[in-house]
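Shared between the two complexes below is chain A, which pairs with chain B and chain C, respectively.
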Partner chain A sequence: MFHIMKKFIQSALQRKYLEKRAVFIIMLVLVLLPLKLKGVYFYHCMIFTFYFAVLGTSWNIISGYSGAVSLGHAAFLSIGAYTSTILLINFQLTPWIGMLIGGSLSALSGLVICYPATKLKGPYFVMSTAAFAEILRYLTSQSKFAGGASGLIIPVVTGNSLYWFQFIEKWPFYYIILFFTIIVVFISYKIENSKVGLYLMAIRENRGAAQMLGVNVAKYLRMATCLSAFFTGIAGTFYAQYMVYISPDAIMGLGESIKIALVAIIGGMGTFIGPIIGAALYFGVGEIVRFLLGAEISGLSSFIYGIILIVFILLFPKGLVQFLKDMGGRFERYFIH
Partner chain B sequence: MFFEIRNLSKNFGGLKAVNEVSFSVKKGEIVGIIGPNGSGKTTVFNLVTGFHTPDRGFVIFKDEVISNLRPDQICKRGIARTFQIPQPLPRLSVLKNVMVGAYSKTSEEGEARRKGLAVLEFLGLLGQKDVLAEKLRGATMRRLELARALATDPEILMIDEIAAGLNPTESAAIVKVIKQMREDTGLTILIIDHVLNVVLNVVDRLVVLHHGEMIIEGLPHEVIMDRKVTEVYLGEYHVGA
Partner chain C sequence: MAIMLLQAIVCGLLNGGVYALISMGLALIFGVVKVVNFAHGEFLMLAMYITYWVFTRWGVDPHLSLFLCSGTLFFVGYVTQKLLIERTFNKPFEGELQIFVTVALSLAFINGMHMIGKADYRGINLSYASMALNIQSLTFNFLKAVSFFLALIVSYLIYLFLMKTDRGRAMRAVTENREAAALIGIDVNKNYCLAFGIGAGLTGIAGALLTPSFYVFPGVGLLFVLKAFVIIVLAGMGSVSGAFIAALIVGVLESLGGFLIGAAYTQMLIFAIFILSMLFRPNGLFRRRE
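Presenting the complex of A and B:
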């Protein structure tokens, strides 16, 4: 009997089958979940969890895999959001096309910042990306065309409209952001298991050795930055359409970039599943704390939330995914072998 | 000429690290570059492989001047190297370390994996293919350096102090591997070491550097008997005595 159970557990722990089965089950649950659980608050939580999962996964493509940590992703987010919004307001262009234009402009700006930035290493690269985000926030807040510090309000149409990307209920937004999440995570998974992913990881581990093994460091960093910026820009359009309001304070600047980075760091940088788990933790814990302490002393929930994040990062410095992998390895060694 | 260094020079501030060094290498030769610490051996390697740009002079490989190319471009043209202090990709497995090199010549994952496994088998590292590179030590780490370089399918392999930190048994094993590589593949090898015993067992020709300048090149038994070489290694006192 014990022998049969051991064989079963060994088979279940075979990584490729475990991952594929787990992914399939999770996707099925997420698609069917709105049939069981309803309510505006439920949808809002899930939508923002997926939104952060898209942001974290996009960030991970450049910063997690290649180690070139960016604190400028709020810039890409806002370029996407403002581009589609300005095109919508001024030219009545559907946000679906505005999203692609916004994503492309984000990718282009990623390329521009990448050229000088990839000659910098370590903290200097981080600082240059942070400076880029802050400069863009300042310029936007001074720009009348972009609504200045007051931001822009998306014109609201009556009823549901696929063309205007506006819906009365939240479930269409749920499925749209779920779709985006699946796409971005799938692409991230493919990158991780490809030559591109291996090259990015080689750059992260040892740039000089990577070069000597034939890796064109600048080319692959530019490629990853553009892809990362594109998806972040797409998420920016989604945010604009969901919130129907954007402003420099809402989605720009260093604070927003840090949030995006935290999602991947908490879950596990350099793994495709880390940002998903990180998004669930980051947003989930924040909502729980706000729910429990929101009515107490003003700002207490944010304070407690910050403490929880710090403790979490101290306990799991490599992210939760790596911690679970290490525990899984020990479980395998102690109980199976 | 297959490979040639012509009047290669490099200064770091006021220090002449390499000064007017010239020599050539035939296809299939093993050439040793020796000299005391600080004589410019590794700087020559860095100049050839694109980590430094020469101030003067040229590096010519198969009739192409490669002096101003990037390291990855030089790798793709068929020159690979190991590092004096091993430079693993620490949090990647041994196999993945080698596959990075294999991908320089193919984009197919299956082919890169096959090449990687073949190289690991040749170097006796197949049993450790899933071990993280950071867990390797000593001779095994040196073998990984060699494996990664070989995986790029080079025409010239530049080996920098491969026996540093190894005991005599391990050094002998590595020298045997180098000889096997030349026999099996006809690889052209440049090898740096400041320990003569390691180099003399394997090279066809020697080049001796001192204070960044080439003082002699020739057959091993002629070079080591040369007075200038003896002075460099033992000092004028011992030569005069």
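Presenting the complex of A and C:
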């Protein structure tokens, strides 16, 4: 009996079928979910988890694969959000196009970040990305054009509207962000398994050596930054349309950038599924802690959360996914033998 | 006009003294342990809360409680290094890990303070807080002048420690070349803990000195840590005496800027200093090698 079970698990674990089957099943579940489950809060959680998954995966492209850790991604996020919103308010431009324009603007500003990336080492670069995000936040909160510190409210029309990117129920947003997540993760997966990915990882490991071997460091860093910034900007527009309100405190600055980076770090910084797991963990643990502890003492949940974060980072420095992969070797060996 | 300029410069210098303490702490930590300490502002915040409570409960003057603060913060810094940062050594993504551990620590501190102290703004009022000295036609705020002189004394003590004592020389050796120092037999980890402790302690003193003139609330550290980072970038990370001078420079520039351009733009000025130093002197003004 036990022998039969072992054989079954062995065949299920056969590399080439496991991954494709798992992915298919998971996607099926995710797509069919809204038909079965209702509940506004549940959808909010899922939407935000996928939202952070998109952010984390985009961040991962420049920081995980290329090693240029950026604490300024909130800047890209907000450029996307503000661009589409301002275009919507002033020119009634559909957010879908505004999204693309916002994403492109983010990508362009990514080039601004790229210049110090090639010149500055380690902590200097990290700090200049943080400074970029904070400067943008400061400028936005002082600028009347962008709504200042009180932010911008996305103009609302009655009812559902595809043109205005507004829906009364949550499920359209759910599918949209799910779609974005699939696209970004797919692109990330493609990068990881391609020549470009290898170049980026070479740049991460040893920039000088990579350059010496003929890798055009500047070009690939630019490419990675633009891709990363583009998708982050698109996620920004999604946020603006979903939350119907953006402000410097909500999406700009160092704190928000850190959230984006955190998602990828706790999940696994150099893998394409890492950020998804990280987003689920970040949101899941956050909500659980808030649920269990939130009511009585204010700040307790965030405090415990910070502690959990520290412990987690120290226990799984490479992120949860990498840890599982390392563990997986031992798991696999038992069943194959 | 010239007098007002001079007044602004003097004011900036006085402010710069306290900035110097904070930045020297950060510079020491970054120079020796090579960690970007995002929790540095929270060290300051802790010291301010301690000073506040000790003053409100027992009436202890901040200038006395600075001993308590520096001691406590030394302990906090030492423990942070020992328990947290040491765990990140020799792991993959070490640099990023350290950044995130200090960030998480900062979150934990801020929220912990939220729990204990609530988010209220608190302040203390010293009877002699608004006393002013008048020399020639320049007015010095007495409190700030005292802070400045204490900062000078402490900075000089740190300078002596780093330059003249064996322990200090060991720390400088670790700053310059970690491996070589270990080869000579210097206990690198102990020096890390010491450096973190002293860095935090310096910030503790600054916190005690700042409490009479600043509101105390959980997020207060964030206001100062940005300036501290700009200062150590300007100075060249790792140069403690450079941080002192850069802090005075930034203090003066901030004050002059506020006087000439208007107070609302001083934040912009700080950013501008940061960007300019990144562009033109990425290694800082006072970095001798590299």
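One rule holds for everything that comes next: the second predicted complex is superposed on the first by the 320 of 337 C-alpha atoms of A that agree within 3 Å, B and C clash if a C-alpha of one lies under 4 Å from a C-alpha of the other, contacts with A are read in each partner's own complex, and residues count from 1 in each chain.
Definition applied: contacts are C-beta pairs under 8 Å (C-beta built on N, C-alpha and C of every residue); 3 or more make two chains touch, one makes a residue touch a chain.
No experiment lies behind these values; they were computed from the predicted model shown.
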Partner chain in contact with A:Ile25 - chain B first, chain C second, else both or neither: neither
First, second, both or neither for A:Gly208, with chain B first and chain C second: first
Which of chain B and chain C A:Val217 touches, first, second, both or neither: first
Comparison of chain B and chain C by chain A residues contacted: C
Partner chain in contact with A:Tyr199 - chain B first, chain C second, else both or neither: first
Set intersection of chain A contacts, chain C complex versus chain B complex: none
List of chain C residues in touch with chain A within their complex: 30, 36, 84, 87-88, 91-93, 95-97, 99-101, 103-105, 107-109, 111-112, 114-115, 118-119, 226, 229, 233, 237, 264, 267-268, 271, 274-275, 278, 282
Sites on chain A touched by chain C in the complex: 69, 71, 116, 119-120, 122-124, 126-128, 131, 134-135, 138, 142, 258, 261-262, 265, 269, 297-300, 302-303, 305-307, 309-310, 313-314, 317-318
Chain A to chain B touching residues, read off their complex: 194-195, 198-199, 201-202, 205-206, 208-217
Contact footprint of chain A on chain B as seen in their complex: 49-51, 70-73, 75-76, 80-81, 83, 87-92, 96, 99-101, 103-105, 107, 109, 112, 148-149, 151-152
